[in-house]
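Pasting the structures here.
Across the two complexes that follow, chain A remains constant while its partner is chain B and subsequently chain C.
Now for the complex of A and B:
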């Protein structure tokens, strides 16, 4: 069968052309593609042609054709963000003008600040302080009343802005020295003072512990930062040792390790990274968790 | 035989079909990919982007070895919600010294393009060893061996040399001192610190891994993570000049 006469071959049952292929008397129908399908194909080709004219498309020597609509993905995101800023503008302006105390007293501002602060907390703070601010070993719990650097609005704002032991100029800088590693205390002395520190918050002690020796070492070495009674010092970030809240743990081994090698957890400074309004919102939100004192 | 019936030639000869397919695909590649190599505006001109230090480069190799790119992207797209969450969208210039790039396409974990300086070194140490000790809802596996394994600096010079072939502008001095520079960057008071600071003026040297006297794989990986997305100062970046 030749190419020319194959279309002449019409199947008697369906009235359709066959392809001319035949196996044991079975012939293949040459059914054309549905018209609507073919039309969509043509339409997309026409669409592509106009798209290339309207949008950035054809690469040239230096750059590409910008398209007559002048659209760009980067301008697009800038426009989106500008719109978002415009929508938030009134409340953000109010927030940036008001002091932390004013925000606290204005229910509308406070609600907004808490909502924005919560969102910012989830992305920026939760990895260390936990999704609900519960903290973990080495990362302070923000829900309790115990604050290393103070729990007032202004103190919280200072900590968020400048961090703790970060590379910011105004960062909180105090840190626990490595009494053991740097040879300031002998292992026996460290053990004694660790027992004494545990006794400050009323933890039960094994029999035969010499608290007097520990108390003397504490007065000579620790009281300058942690206070005579171990009540802590917010200026230096020296924790209160008399409450039952422990940043690293209350086991004697943990305390001995801290005395030996020192402690100095780092919190990054957020002043450059987050804008001032977001930090305000964060401050108000964190203050709701366990602020005060 | 009309032109419309010529497709029979392709349908009856598999080799001719294969050659035809290759030609059509290469036209696509030539038109869509090739121009990016010569067009002047593919990579923005920005200040601050520098080649990786040897320690960061070693960390980057560990990032690739452990398959971090399978769950983490390093590409903040130019979309409103991404910019809101992660910061400024990624610039092509920021990965101009990446061979190969780590843009990725899968986000089981968050995007890491701007993770640098976001968390403390100590947080990274804990998180790499046991992610759930700091983020209880995390599904990331732990990588505790990073803190145990001594960093292999033997082949770092070769590594830099290969990057040089790829077009990264390392100097002969940087290539030669790669191993010692890696050690210098991973400690606070290394005798080579001054020379390192001269060779990489904007790099930060500190004990990333937190183990005195040891340079581990954790040092390298954390050094790499802590510089991601930090090299361009967006306060002085000219947004308008790079709209495209």
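Now for the complex of A and C:
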């Protein structure tokens, strides 16, 4: 836009044309830009033109122009991931070859397995067990020192691989029967045995509870799985009733509910869903959470 | 050509019925060489600043056997910055904020003392442009010859000169880029690697980038950078005041300008006569091509070369020097009004405030640097689960500690917990001493992430669900301690 308008505003001090813009009496002189400056602008426009040809740029109704270089951000991510996998390949290979015990002994493998396991845990396990493995009612806390199916590396690996009460052939079986619903115990008996179970871990009892009756019922019905002293059984996933850890809670109502309707939380088998190396990493990670044996 | 002159030209163009172009092509400037006081100062500064830039990476500094021996090193790979006795970790990067504040206030102080001291003497753009001008002058001759040669047709001699000039420029630019990368790795090793083509590609890329920018900015862009690219002239113009010394043409003494003879005649007749003989030496030597006689202007970098040029002429025609000199706006006005100039006031509220701010920030940085802790600890409490009940009824909390050892040797820190009766602290794979303190080895100049488990026995009596605890770290070798306060959660 050259200044052809002869009536354009002229600044009296410099004799220059102004842009015609005015802010509270202050006007802007129309000083030409340096040539090189404008050339840079033109260069960027040319650049943009070639960029639009080379890269995805123009939106169409259903898609967009793909660009002759064939680059896409999705492909970029995939390439980055492929590079990452390639970089990790040696240590992943080492991890897949090593046994769980060997991983524990090798600081480098162990550190890598914990990092991998933590990520896999967040993706797969956290919905039930919590982001830090803290668990919740019915979902075991993986940070404590109490294990339903055992807390050694191999036992943890078996539980992750085959799950608990899942559709896997080798899954952990064994469940708490519904003593009340199925008519095996009467409500009074259930109440008595619940009082007795609470007494096993030294919880305070209301006055006048009949612990002897409860002990008899326990010996007849519960001891086969939970053990004579209520110490639990890892083979059957029967919890230790003498410790301070309660999967569902230690209130009498909760215990009565379990006796009446049974318990049997399900953990899926991960063997088919995750690859063996990831499961190894998960095992090592879960083992480090604070309760590993 | 200065913006002001361009505006005048444009106005003349308009007045003669011409059209104002949208673009203005830059007019080439041929600065003339000059001798004098300010030129000598500029030479000295050029040698000192460039000397520091090119040779500082080779200065050695002993920090012990395993630490880098380079005095100034930005070790990006290991995330450390070394400056002589100072070592900065990434989390101490706020020192950079302090440095930037110091730089800004120093710039402001310079400005309120004597205008654009930075632009005229210290700015890399000025220094390198000066260096490139020497090369140009040395190969192609001074202003007059260069202007003449510009219009000559291409000849073998001219081609050789141009080739020589540009290759020398490129050589300097390349060395500038090369010196830059030496600040990021052990300089002698990198020089050897670069020379034998074993350097990292990134080193060559940075050298190429800086070669290009140096060659382009100092060889071709020159005053355009100051006039159009740099924000400082705009800020400077807004910050300056009537007491600041600036390179000034004393128009009260200079005007009316005219030839020596004419002015002498006027003087004899007792009429007002100026000392300016309109020789244009001030314009010819100016690296940005301004006419200082137009007053303070945005493209004048105040390098003082016009002072030298004018003083030389004044001496030659037998008039007092100082027609162009460092002066304040106050005095220019007073002289014009026939009043005696006031003495220069360097101590003014403005300069005092800047000096105080510089000292405060500088002392604060010095204080934090000298009292820098050599060991530190940070704690992050597990978020999920907040606490764990164990089989025997004891309660356990998990923490992730970050132990920091800034010393040049590996140390075994003792970690203990305070404020919690009967508390036990443990960590997988870490031994404890007889007092139940963890013995955590932390490498020299390293941090260690340590997951610790703190537990209290069953029946721990407590009234609150969140119990304050203190995790203490002791370096038994030096007795240095660090602590961090956190909480212990209970059911």
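Keep in mind that, in the parts below, the second predicted complex is superposed on the first by the 206 of 293 C-alpha atoms of A that agree within 3 Å, B and C clash if a C-alpha of one lies under 4 Å from a C-alpha of the other, contacts with A are read in each partner's own complex, and residues count from 1 in each chain.
The rule is simple: contacts are C-beta pairs under 8 Å (C-beta built on N, C-alpha and C of every residue); 3 or more make two chains touch, one makes a residue touch a chain.
All figures in this text were calculated on a predicted structure; none of them were measured in a lab.
In the superposed model, A:184 makes contact with neither chain B nor chain C.
When both complexes are overlaid on chain A, the residue A:72 reaches chain B alone and has no touch with chain C.
By the touch criterion defined above, A:131 reaches both chain B and chain C. Contact with chain C, but none with chain B, is seen for A:146 once the two complexes are overlaid on the shared chain. Contacts of A:34 after superposition: chain C is touched, whereas chain B is not reached. Judged by the touch definition given at the top, the superposed model places A:266 against chain B, while chain C stays out of reach.
Comparing the two complexes, residues 3, 130-131 of chain A contact chain B in one case and chain C in the other. Those residues of chain A whose C-beta lies close enough to touch chain C in the complex are 1-4, 10, 14-17, 29-38, 130-135, 141, 143-146, 240, 243-245, 288, 290-291.
Chain contact summary for the complex, chain C toward chain A: residues 3, 6-8, 10-11, 14-15, 19-26, 221, 224, 228, 382-386, 388-393, 396, 398, 428, 451, 453, 458.
The part of chain A that touches chain B in the complex is made up of residues 3, 56, 59-64, 72-78, 80-81, 84, 123-124, 126-128, 130-131, 136-139, 265-268, 273. Taken in their complex, chain B has these residues touching chain A: 1, 5, 31-32, 34-36, 38-41, 78-80, 83-85, 89, 117-123, 126-127, 133-137, 239, 242-244.
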